[in-house]
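I'd like to ask you about the structure that follows.
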C-alpha cells in the first residue's frame, strides 16, 4: 500500500498557526463540515427527506430510516472487506442468505414453542437467539471462506489481486446460491414474524414490531461496531491493517489474524442483516441479490473503503428508492437511483466522501 | 552477538538484489550500513525484519534463526523496523499510532514508561497527541515512526534513511535522538545516504555496493579510508 | 509437474462426466419430457409441477400398454433462451417424443416454435398470457402441438367483478368512491392481468387511481401501501407469481393498516401460503383453483413423498394434466397400436381439439370438472362453471373458502366496513 | 492460433495470407476443423450444432469483452447490456420498419457503439473498480429501462424476434454465418491490437500514469477501445437475437455478463483467442453436466463456480497461459514453431 508521500519541509510553525485559528471553535468546525462535500450532501439529503415527507406523507421519512439502517449494515461489512483486504465482494448477498437461512432453522422450533407458551419469556428472547445464531454462522462461514479461498490465493498469486478476488467472489456467489438450492431446496423459507405484536404508530405511520426491532438492532450494531473499531485493541489492529499493512506487520500485528477477524466481522454483519430481515425476506437461494446490489450502490456512492461513510450512504440509498417509488412508480427504483449514482460518479469519480487513504483500488 | 547474518541472498521474485551478505551487530552497538542508491540497503533491512523472505543464507537474532519468519513474529522477538516510507497509520491519532507500536508489549506499566520516554524524546509528538498522523509534517512523521518503534521496547532497531527529505536542522535532531536511544541500551542498525553524519554518529559501519559488502570497520577508520572519502564524502 | 497433473485431472473429469448416462434401452419406450423452472426464482412452482407430474405417471406404473414411459427433465431456468436450448437438446439428443408441463409464458412463447419445428406435441403448460393464444391461432401449423392448461387472464378475471357487483348490491360494503389501485408483478402475466382487470373495472364504473408494476421477488411494499393508504382507495388488487412477494404484500398491508378490500390473485400458487402469511391472510380475496375433497389423497401423498405442501395451481393442475396425458396415450395406443409423436399428435388433432376426448371427474380429475378443448377456444381450455373454472375464494383461518358464485359458496363474505 | 511470441520472419504464400488474417497455421486449422466438423456425425445433430452456435456466439462475445478487459484493463461489467442493446435495437428496427436483417444487425452494432462511446467518455476520470461499477450501473439501468419501456420492448412479455431463416431449417444454416461473424470479430480486434493503437491500449492497461507520461492520450484510446468492443458486442447480440427468436430483459442481466466474463477469463485475459477457444469445450461441458445430472438441478452452475475459483487461484492466466507454457516448452521443434507463428 502506498502511504502518503513525504512532504517537503516548509515553514511548519506558520501552518500550525493557520490551522489553530481555523480549528478554534466548535461552531466553526460545524460550519466547515457543512460546507464540505459530505456536509452538503448529508444536509441536502435530510432536507429532501423532510420536504418529500411533508409533500407525500411521513412514511417517506420513516421508511428511509428503517430500511436504511439494514443496508448500511451490509455496506459496512462490504466496505470493511474492501478497505482491509482489498476484496471487492460480490458474494456478500450470499452471506445475507446464509444468515437468514440459519435464523429460519433456529426460529422454527422457537416459533413452535412460543405458539404453545405465548406468555413465556422466549417470545421476547427467542428471535434474538435466532438472529445471533445467523450472525455467528455467517462469521464462521466467512472464516472458512477466507482460509479455503483467499488465503490460498494470497499465498500463490498477488498479482491482479483485486480483479482475481472479484471474480472469485462471483464464483462463490454462484456456488452458494446453487448449494443452497441443492441442499435446502428452492422454496421460500420464511417466518410469520419475529415479534408477533400489533403495529406501532409512529408519525401516523404504522410500523410492525419487527421493523422497529430491526432498526434498533441496526442502530445498536452500528454503535457497537464504532466502539469496537475505535476503542478495542482488536478494532485498532483492523484499522491499522487497513491503513498500512506493512506498518501493521512492523509493529507486530499478525496480518493473517486480522484478515480472519475482518472476514468474520464482515460476513457476520451481512448475516446479521439477513437474519434480522427474515420477516421481510424469506430465505431462498437468490434472496441476497437485492441487498447485494443495494450495498454496492452505497459503497460506490460514498467511495470505496469508506467504512464510516456507509452509514449515511445507507440512508441516502433508502431515500433514493423511496422517492423514486413514490414519484415515478414501482419498478423505477432499479433505474433512477442507479442513473443518479452514475451521474454523481461522473462529477465525483471516487464517491462523495472520497477516502483520504489511497489504497490499491486502482490497479 | 545480537544479530548475525550469514551469506544472505535476497530479492524480489526473479530479481536478486543481495548476494552473499554477511554482517553482525553486537548488543548495544550503533552500526551503520551505507552505500549508493540501489545497492540493496533497504532490501537488507526488509529481509531482516521479515517483510521479505530471504532466498538463501541465515539470519540469527540473539541466537535464534529468524530467516523467513513472518514480520509480526520478528517484531515480537524484539526487532523494530523504521522503514523509509515510515508506514504510519495516517488515519489514526499520534497517540493511537504509538499505542499500536506497543502492540506486542503486554505489560501496561512498561507501555506507559515507553510512552513517557517517547514524549520526553520528542516533545513535539506530545503536543500533537490527538492529531491524525496524516496531518503531521515530514519531520514529525519521522519522529512519529521512530517513536512507534521505541514503543515496542526493541532490542534491535533497524532505521532506514531517517534523513531523507528533512531539513538539516531536523536531521540533526533525529540523529541526536537516535544517539540518545543507543545510549539507553537499544542496539541500532542504521541505513543512511548522509555518509558524513552517519560515520560521525555510528561506532561501526558496513559499505554495501551492488548487493555485496565491500568494506567494513570502525566508523572512524572508514571516514579516513580512501575509497570512502572519494566516493561518499566527496573529498 | 503441477501443470501436467492439472491437465490430466481436467481431461479425466471431462470424459467421465460426458459419458455418464448415455445408455439406450431396447424395449418399447415413449420418451416424455417434463418441463418446468426447476431452478431459479420460480423453482418452488417448478418442483410442484415436476413432482405432481411424476406422481401421476408413477401411479400408472410409468407404463402405457407395453410402452414404458421414460422421463426426461427439461429445466427451463425461467429463461426462454436457456429453455429453448434444453428443449431442443431433449428432443435431439435424448429423443423426447412428447412434452408435458411448463410455467412461464415467455418460455412457452419460445418453446412452442421448437415443438412445432420438431413436431413434438406438448400439453399441460401453464404459461397463460394471451400472446401465446394469439401466436398459436395466427398460424395453423402450430395446431395440435401446444395445449395450455390455464386460460388467459381476460377470460378469468371477469368473475372478480361479477363478485364485486354482487357484493355492492347485496352486502353492506359501499365504497365511498369507486376507485381502485392495481399492482402487478413486472412480467407477461402481470401485464396481461392488469390489462384485463382494467378493462373489466372500467366497464363496471370503476376508476383506476394507480397502476404499479413491481420487480420480481420484491418484498418491500411499505411505500406502495402507504401511498394507497394516504390515497384512501377502497379496492386494491395485486397479482404476483412469487410467494415471497405476495406474502410480504399481505403482511405489510396489515401492518400499514390498509382498510381497502384486497384482491390478491395468486396467493394460493404455493402450497405453504398460510405458513408465509399467517393470520394476515384472513379476509383476502383470491380466485384460484382450490383443493376439493377429491384431491385429498393427492395432497396427502404429495406431502408424504416430497415433504412440502403442493400448490393447487401448479401442482394440482399438473397432476390432472398428466392424467389427461395418460388418457390420450391410452387412446392413441388403442387407435394406432403404437406410441410416437406422430400418432399422439394425430389423436390430439382429431379427438382432443374437437372436444371428443376430455378429462373429467369420472376419469379421475381432482381439480376441475372437465378439461375440454374446442376448435374456437384452442389452445386454451374451455372456461366455464362446468369445465375449467376458478371460483372467487376468501381465506379465513388458513383455509380457502369459496364465496362466489353464491350457489357453491361455503362461507359468508367478510368485507371491510 | 496466434501466439504472443512473434517471430519476425518473412512469410510467403498462404502463410502471408493467414498472417494478414492474424491467424497462425494452428488457428487456421482450428477454424477449418470448426467448418468441417458439423457435417459429420455425431456432430451433425441439431442439438450439438445449437451448442456449437451458442459457443461461437459466447466466444465471439468474450473476445469483444476481452478487448477492453484484457487490453485497457476496464472490465465492462455491464457487457450483457451492450450485447442486449444491440439485440433489442436490431429486433426493434427489423420489426418496426421491416429493415432487412443484416442491416438491422448493423443498426444494433451502431446503437451499442454509441452507448459504448458515451460510456467510454464518461468513465474516463474513473479508475479500476469505479469504472467497472459505472459500466455495471449502466447495465442495470439499461435492463431496468428494457423492463419499464413496455411500449417499445414489450418488457417482460418478451419481444418476438424474426428468425434469420425459416424456422424449419437445420441449424447448419446458422452455423456458417456465426462462424464468419466470429472470424470477422477476431480479424477486426486482432488487426487493431496489432497496430500501434494496440500497443497504446496495452500501455494504458498496464500503467495509466506511465502511458500518460510517454505521450499517449488515454482519453482517446480508451474511448476508441470501448466503442469498438461495444460495437462488436452489439453485433454479436443482434445475431443471437435472430437465432434465439425471443428477447427478454433478462438477456441484459449481470448474470449474463458473468457468463461472458467467465469464458474470457478461463480462456486467458488479454489474448482474445483464449475465450473463443475455451467457449466450445466449456459450453459443451456445462450443458452435458446440466443434462446428465438433471436430477440435481443447479449442479452445472455449482461446478461452473468451482472451476472459476480454481482457475483464479491456480491459473490466473487461464488456458492461454497453459498453452503458452506448452509452446515455450517445445519451441525448438520446427513443426510447433511453424504452427504457432
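Lettered A, B, C and D in written order, each chain numbered from 1.
What we mean here is this: a contact is a pair of C-beta atoms (placed from the backbone, for glycine too) under 8 Å apart; a residue touches a chain by one contact, two chains touch by 3 or more.
It should be emphasised that the depicted structure is a prediction, and the values quoted were computed from it without experimental measurement.
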Original post:
To get from subunit B to subunit C along touching chains, fewest steps?
Top reply: 2
Subject >> Chain whose average C-alpha position is farthest from subunit D's own >> reply: B
Original post:
In terms of CA centres, which chain lies closest to the overall middle?
Top reply: A
**OP:** Would you mind pulling out the distance in Å between where the CA atoms of subunit A average out and where those of subunit C do?
**Re:** 39
Subject >> Gap in Å, rounded to a whole number, between the CA centres of subunit D and subunit B >> reply: 53
**OP:** Give, as an integer number of Å, the spacing between the C-alpha centres of subunit D and subunit A.
**Re:** 35
Original post:
Can you list the residues of subunit C that touch 2 or more other chains?
Top reply: 39, 43, 186, 213, 215
Original post:
Residues of subunit D that touch two or more other chains: which are they?
Top reply: 147-148, 297-298, 301, 314
Original post:
Got the subunit B residues that touch at least 2 other chains?
Top reply: none
**OP:** Let me know each pair of chains that touch one another.
**Re:** A-B, A-C, A-D, C-D
Original post:
Mind pulling up the subunit B residues that touch subunit A in the complex?
Top reply: 49-51, 70-73, 75-76, 80-81, 83, 85-92, 96, 99-101, 103-104, 134, 137-141, 148, 151-152, 164-167, 170
Original post:
subunit D touches which residues of subunit C in the complex?
Top reply: 2-3, 6-7, 14, 17-18, 20-21, 38-39, 43, 72-73, 75, 78-81, 84-86, 88-94, 105-106, 109-110, 113, 116-117, 129, 131, 135, 186-188, 190-192, 213, 215
Original post:
What residues on subunit D touch subunit A, complex-wise?
Top reply: 75, 122, 125-130, 132-134, 136-138, 140-141, 143-145, 147-148, 208, 258, 261-262, 265, 296-299, 301-302, 304-309, 312-314, 316
Original post:
Once bound in the complex, which stretches of subunit A touch subunit D?
Top reply: 88, 149, 152-153, 156-157, 159-160, 162-164, 166-168, 170-175, 177-179, 181-182, 293, 296, 300, 304, 331-332, 334-335, 338-339, 341-342, 345-346, 349-351, 361-363
**OP:** Write out the stretch or stretches of subunit A touching subunit B in their complex.
**Re:** 3-4, 6-9, 12, 15, 233, 236-237, 239-240, 243-244, 246-256, 356-357
